[in-house]
Every structure is written in C-alpha cells, then in structure tokens.
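Chain naming follows the written order as A, B and C, and within any one chain the residues start at number 1.
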C-alpha cells in the first residue's frame, strides 16, 4: 500500500513539473551545457572551434587579470549585507497600515524601476568630479569630492553605493514586504500580552518568521553578486580605471566578445560556476539550519 | 497631541525625507528631460531649466516609434510573466510539497543554471533558436524567458513556508493534488505570485540585450532598444533620452500599483485557528 | 469548481497563444523583389533623411527592396551573433578599425573583383581611408564613407584672455605644453581647477599618435614585434601623462576615455584646448549656439617626426555569406556615390572619403561654419590609420590598463610597457597568419 502511494506521489511530482522541466531542459540547460563544452575549445565566434583540452584552464590559473577580477567581484559583493539590511528596514517601515503608505511604497520602489542605460549614464554624470551633481552638493558643505569613477580607491565604493541606493527599495524590499505580510499576527498579540519590547518582538518573532525569505534573498544576492552586475560596470567605468572595477562578468564578457576568446570566457564561466556552487552549498548547509519553517 | 500622534507625524516626516533623498537622481532626470539640448551640461547645474521644453516629450514620439515599441514591450513582458508564473507555480509545488526520486538533484540543476553569466550562454542559445527557425520572431524572446529558474526557486521557498494544516485538512476531505493546488496553495500565495509577476514583468520590460540580438526587424523592437537610438556613436541626445526613459517607466508604476493590492495583511492565515 | 485563479491563468495562456500566433505572424511580402538587408545606425537626428535616401535607391533599382535594421548599443556583438548564426545582413556599416578583427577572409566579401569588373574608380578615394582596413591591390573588403583625422580645437576667447597667440602650423609640443599650463586656472580660488588648459585623450588610441609623432610605433612593419616600450614611445607617453601628473594642466574627470560633457564644457569656456578627432565638430557647434564662444581648429603640434594625427573612418562591408552579392554591391555603390556621400557628409559635418568632394572648394569653404575646413583636409592628408591588425584588440586592452596605472601614479610607464610588450609579442606571434603586412604608407 505504501509503495503504491509513493509511486503515485512520484508520478504526480513528475507530472507537475513536466511542462516547466521540458522547457528548462531545452532552453536553459542545453545552452549551459554547450557553454561548458566550449570551455575546452578555442573559439573566436567567426570560424570553427578548435579543441584544446585543458589549455584554457591552465591559462586561467596563471592569469593575473582573472584573479584581479575575482578580487574585484568579492569587494563589490561586500555591499550585500548592507543592501539587505536597508531593504528590510524599508520594508518594516512601509508595512505599517498608515494612510497613504502605498504612496511611500511606490516612491521607494521607484529608483529600482528607473533603471536602464539612461539611468546609468545619469549616475556616471552625477559622479563626474568636476561638474557632477555629487561633488557640487559636497562642495556646498565644504568637502572637496574626489574623482569617484576615475580613482582606483573610490571607484568600487562608488559602484557599491550606487547599487545600494538604487536597489534598496527594489525587489528585496518587496520580497521582505510579502514575507512580513505573511507573519501570523497572533504571534505578535501573544508577545504583546507577555509585555515584550519592540526589539524583542523583532528579534524573536519577525526575523525567524521571515528567515526563508532572508535565505532566498541572500542566496540570490550571492549568485547574482558573483556573476551579475555587468551593466553598471560596462556603462559607468568600462572596467577601469586600471582594471580596478573589472568584475568577473565584465571580464568574461570582454573576453568573449571583444577579444574573441569565447572558449576562454567559457572556461572562466565554468570556474566561476564552481566557485558559486561551493558558496551556495556552504550557504545552504549553514544558512539552511537557521531557517525555520 | 497624544504621544502616538507625535510619533506618527515624526514617522511621516522621516519617510518623506528618505523618499526625497532616494529620488534625487530621478528629479535630475526630470530636470534634464525638460532642458534644451545645449543646456544639459551647463555649470553650475540648474534644477529648473530655462527654457522649459515640454516639446522634448513630443519629439521623442517623432524620432522613435514609441507607441509601437511600447506595445511590443508590453505584450512581450505580459506573455513572459503569464507563462513564467504558471509554469513556475506548478514546478515549485512539485519541489516543495511532493516527494519524488531525484527531486533535490533536479532542483540543484535549476539553481545551477542561474550561476552562469549570460554572456557565454547567449551564443549557444542563439544558435539553438536559429536551428529552430525562431530568429526574428517573438517566440525567441517569450519561450526562453518563460523557463528561467528564478521564478521556480522563489515560489518553492514561499510554498515551503506555508503551513501545511490547510492542505492536510483538504487531503482528509478527499481532495486530490490538483484540487489542493488550485484551492489551497494558490490562494494562499497571492503575495508571492503578485511579487513574482511584478518582478518578471519589470525584468522583461527592461530587457535590452536579448531582443536586440534576436530580432532582425526594426518594427519589432522593444522600448529599451528604441531609447538607445538616442545614443549615437559620437554624441547622445540626453534630454530626449531622459524624457523617453521617464515615459517608459509609467507603465511599470501602473503595474506596481495594481500588484500592490495583493500585499494585504493577514488574508492567508485567516482560515487557520488553534 | 469555479476558481478565479484558474480563470486568470487560462486568460494568460490565451494571451500568449494570441501573441505568438496572431500578433507575431511573419509578414511575407511576395512581390518578386530581391530583399537586401542593411544594418546601419544613422547619426541621431538623421534617421528620416536616411530612409529617404534608401527610398531613392529603391526607386532607381526597382527590383530591389531594402530592409533597414538598426542596432544601437553594442553594435559589434550583434554583427558577431548574426555572422555566427549565418543570418547576417547583406550590407553592414563598419568602422574601419574593426574590419580586420573580423577575420575578413572568412566573413567579408572581397569587393575587388566587382570593382575591376565595373571599372569603379578607387583613385577618387583618399588612400588613407582604404588603408584604415588594410586594403591591398588584390583585397578590398571595405569601402570608406567618411573619416577624420586629429585636430586641435582651441578657445579663442581664453587665448585672448591669457595673451597667447593662436595655435598655428609652427607650434611644437613645447608650445602646446606651455599654452596648456598658462590656460589652466583656478578662477574662484577654491583650490579646484575651474578652467582646464587642455584635454588630450588618455585612452590608448589617443596616445598612439603622439608616439608616432615622436618617431615611435606600436608594432614593426612586419607586425611581429611590439615597440611600445622603446625610448621614443616612452618619451611620448611621458609627455602626455606629465600634462596631468606634473603640470596639472588637464581636467581631472577627462582621464580615461572622452566622457560625456567634454565638448559641452569646451563650449562653455571651461577648457582651453582639445586634441581629438574632428567628430567633435557638430557637438561643439551645437553646444556653442548658446554660449557665443569664439573657437577655431588648428593642426596638432609638431613633434620630432611629424604631428600626432591618426585617422579613423567608417564605411561599408558586404557579408561573404550574402545570397545577392551583385545587388549588395549596387547598394554599396549607391551609398558611396558622389551625390549621396556629399549629402550625408555635409548634413552631419563629416569629412567625406572621396577626394572629389573633400578637396572641392564647396567643402573647404562652407559658409555656415566658423572654422577652417582646410585644416581638416590638411590633417587628413597627414594622417595615418592605426595598425588595424588582428591582435590589436588584446594589445589595446593591456595598453589601456597600463596607461591608466601610469597616469594615476601607481606605476612607472617603462615597467608597465615592458609587461604590455611581453604579452603583445605573444599575441602577435599567435595571430601572425591573420595579418596583411603593409609595406609602408603611400600618401597622396
């Protein structure tokens, strides 16, 4: 009897996932496998690929530019905890049932939808050291702003700051909002009756109840932090100055399309994938424990 | 005035200041969009342009077939959103609630595909679509867009967080999985579905690179591509670019406001007591 | 059981079906004409006029229909994907220096047979335009439409204020440096430079002409050795980098690439001189409408072996996989015809690739411009295109980063260039089979 039930659940499981899985296999998994296979070839896109075995990988491990971009990516990812905290803070604020709260939700969400090439060009101009908005505003309070995007020291913080500014009211805030909406109000009522302070309610009720969302956001941030964030680098700094903002996705892109080293780019993507996989696994094992369902 | 009212007012003031601060770049966009082309970079920067050229907004429509591109973008984003929410919901239910052989391994494969930068999968996917003959058709944008792993992952996490009491009750009542899915899980997931819809719509509305690569006819292009027409090799028409960008945001705000209504507190757990 | 959710999902499904099957129907036009696909981005503001030109072509060639496609943003990625998918447009607008990166033997049609067959007059083209894509007697894969050399833009008002005489043909590097220093001012005394003496493009393509002008070269004529670490090159690089490092005669922000606002800042009188390609002309003219500055152009200053002038052009190529090579060639001939080229260049203030237009008095004495077009032609005739070899991309990438490091004072230019040369020599050896060696430049 139990065997039959398990079999039926298996069958149901397969059926439910079939449409998605078919499409996923063909349009997502297949190109990824192709990209991995290309890592063992040398390909300039315009002529036939040549098999070179592990040639790309040996080159990769001694390539200073690759490790430099890896380092840059890690630095750029240090903004993640800050961004998550900011999103949570905003979500808590707009979760209140005050009048007109929808207006604030929309306003905070605005910077993240206002995106695209136009906005990135705007930020590049804002960071212009001589005539840009930021340094003009700083000069009103007597600070002589540096060359934000042209200085090796300031370029990465400038990108991090821009990322947090435009992203904090964005998708993460919405996710947290949805999660906060799902917390059972009875839990809070019970805590109130026990006389718990706001902080204790937050720490012992809110945080654990939204932990699946936190986990999701953190996982996605790690994944997209390692392999994403291409547009801002491309438009705002072009990887400079002196290669100090070249992150992994930009380096891979440049190798694939500007230096005609598609095979090498694929091998870098493969190594990157391995790194992200390990990071996600660690996050899963360790973070998964902290998630309460 | 009671203490609570004071707290409320302070809260409003704080939120407003925060909102203004966050929107400074946006104000600058508006200001630039109303400037004459020659005044965009004047120094010191002026917030209120002089003269104010409302005609920039009309000019955008003349240079770029804005209406056609907007319609294209809208239909594409709508289709991908519908498709993705639908298929992801089924898949997420399967991952979250059903136990089957190889489930976690397959889920990990889903996750794994998100860890690859798009730059290296773009050409293999392009070649695949070429083989299928879908180049220069919307199929090439919609179908791969529907099957991205993000939606499945997000909904899976959400479904796992739902309490199982209602489902168990339904099971005892004799409902099969299909009925449980439609009558229990989906209604409880309104916030998550709304969230996923908003994100997917947003992401696809702004999609620039892929439509550019895959479409070969100018009339089929999407809005971000149209806005890029203002950026030439040697010069950029900033004021028109900003005006166009602002106009293209309007539908997104509308979508957000509509989806907002689903973030209503307490709706899902009203049925569970004790 | 009735369920709102099921209904919504069903509706969504129907919408998808509708879009895929109805809205997205391929429109097949069966009029017996040959369809030529053209990929080109007309300059912003010129779109309508360009369509009119194409309509004119269709009228004079009634058996051809032109489908024009634009690709803003990353143009060459689109070209690459189209080529790899074998769906490339028949005629593509290309920048001269990109041509060789595209393995032209495999991807671009050699136009020479058709040129010979039609007795097409290649002599009417400025030689430097054809050299931009390394054309030879047997192989012409690219036909230039317009191109420009480096010029020196200067602000007459600022020169008057500083009591300096305007730049002219006698200027040397020293004169240039002195003028730049004198023109750099901190007007309101707040410690920040409000008026920059000069702007010299600090990206790799902007630095190479200075190396030439000092007697150096990027690579040797056989394209087997990189010469960027030779004394002549280092001297030239130190000269332009010192303008910022030692003399602080340039604007801070304009270091890496020519960023937004350079020409606008020039037009509002905050920059004394710019050494750049003539593509800035329409932008300065536009921006200068509001500010009434008086400005002019002159030849870049003399170095030991010439002036730092490089040439860059754009024009047309034909995809080698085209099904209609003859018709594609007709389109290219049309777009480069005397009439069309003249209109295109005059309207956009470009310098044409044909001698008959460029050297004509009509072009050299345009009444609607305040600058001297003769300088443009003079600069073009003294210019030289970059060594557009296949390995250029990887060399330029390293070179750019090295320049940045030296400019920011992180490192010494000689050590950086030694590193660049090491990698460049390896790249040159790897790609030696792809290069077309040129035996020196044969100027008009």
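To be clear about the criterion, a residue touches a chain if its C-beta (ideal position, glycine included) is under 8 Å from a C-beta of that chain, and two chains touch if they have at least 3 such contacts.
Because the structure is a prediction, the values reported are computed rather than measured.
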Q: Just say which it is for the chain contacts: an open line, a closed ring, a star, complete, or other.
A: complete
Q.
Per the definition of touch at the top, where is the C-beta contact count highest among chain pairs?
A. A-B
Q.
I'd like the Å distance between the centres of chain B and chain C, where a centre is the mean of that chain's Cα atoms.
A. 37
(Q) Distance between chain A and chain B based on Cα centroids, please, to the nearest Å. (A) 15
**Q.** Shared interface positions of chain C, touching two or more other chains
**A.** 73-74, 77, 84, 260-261, 265
Q.
Touching at least two other chains at once: which residues of chain B meet that condition?
A. 41, 43, 123, 127, 208, 228, 231, 236, 238
Q: Could you list the positions in chain A whose residues touch two or more of the other chains?
A: 45, 117, 121, 125, 131, 257
Q | Partner chain C, residues of chain A touching it in the complex | A | 44-47, 117, 121, 124-125, 128-132, 139, 144, 147, 150-152, 237-238, 240-243, 254, 257-260
Q. For chain B, which residues count as touching chain A in their complex?
A. 8, 11-12, 15, 18-19, 22-26, 28-29, 32, 41, 43-45, 87-88, 90-91, 93-95, 98-101, 103, 106, 109-121, 123-125, 127-128, 143-144, 146-150, 152-154, 157-158, 160-161, 177, 181, 191-192, 194-195, 198-199, 202, 206, 208, 224, 227-228, 231, 236, 238, 241-242, 244-245, 248-249, 252-253, 256-257, 260, 263-266, 268-269
Q.
Which residues of chain C touch chain B once you look at their complex with the stated criterion?
A. 1, 3, 5-6, 9, 11-13, 15-16, 19-20, 23-24, 26, 37, 41, 43-45, 47, 67-74, 77-78, 81-82, 84-87, 89, 260-261, 264-265, 267-268, 270, 279-280, 282-283, 286-287, 289-291, 314
Q. Quick one: in the complex, what on chain B touches chain C?
A. 36-43, 63, 75-76, 78-79, 81-83, 85-86, 122-123, 126-127, 130, 135-139, 142, 179, 182-183, 186-187, 208-209, 212-213, 216-218, 225, 228-238
**Q.** For the chain A and chain B complex, residues of the former touching the latter
**A.** 6, 9-10, 12-14, 16-17, 19-21, 23-24, 26-32, 34-35, 38, 45, 93-94, 96-98, 102, 104-111, 113-119, 121-123, 125-126, 131, 133, 136, 165-166, 168-169, 171, 174-175, 177-179, 181-182, 184-185, 212-213, 215-216, 220, 223-224, 226-228, 230, 248-249, 252-253, 256-257, 262, 265-266, 269, 272-273, 276-277, 280, 293
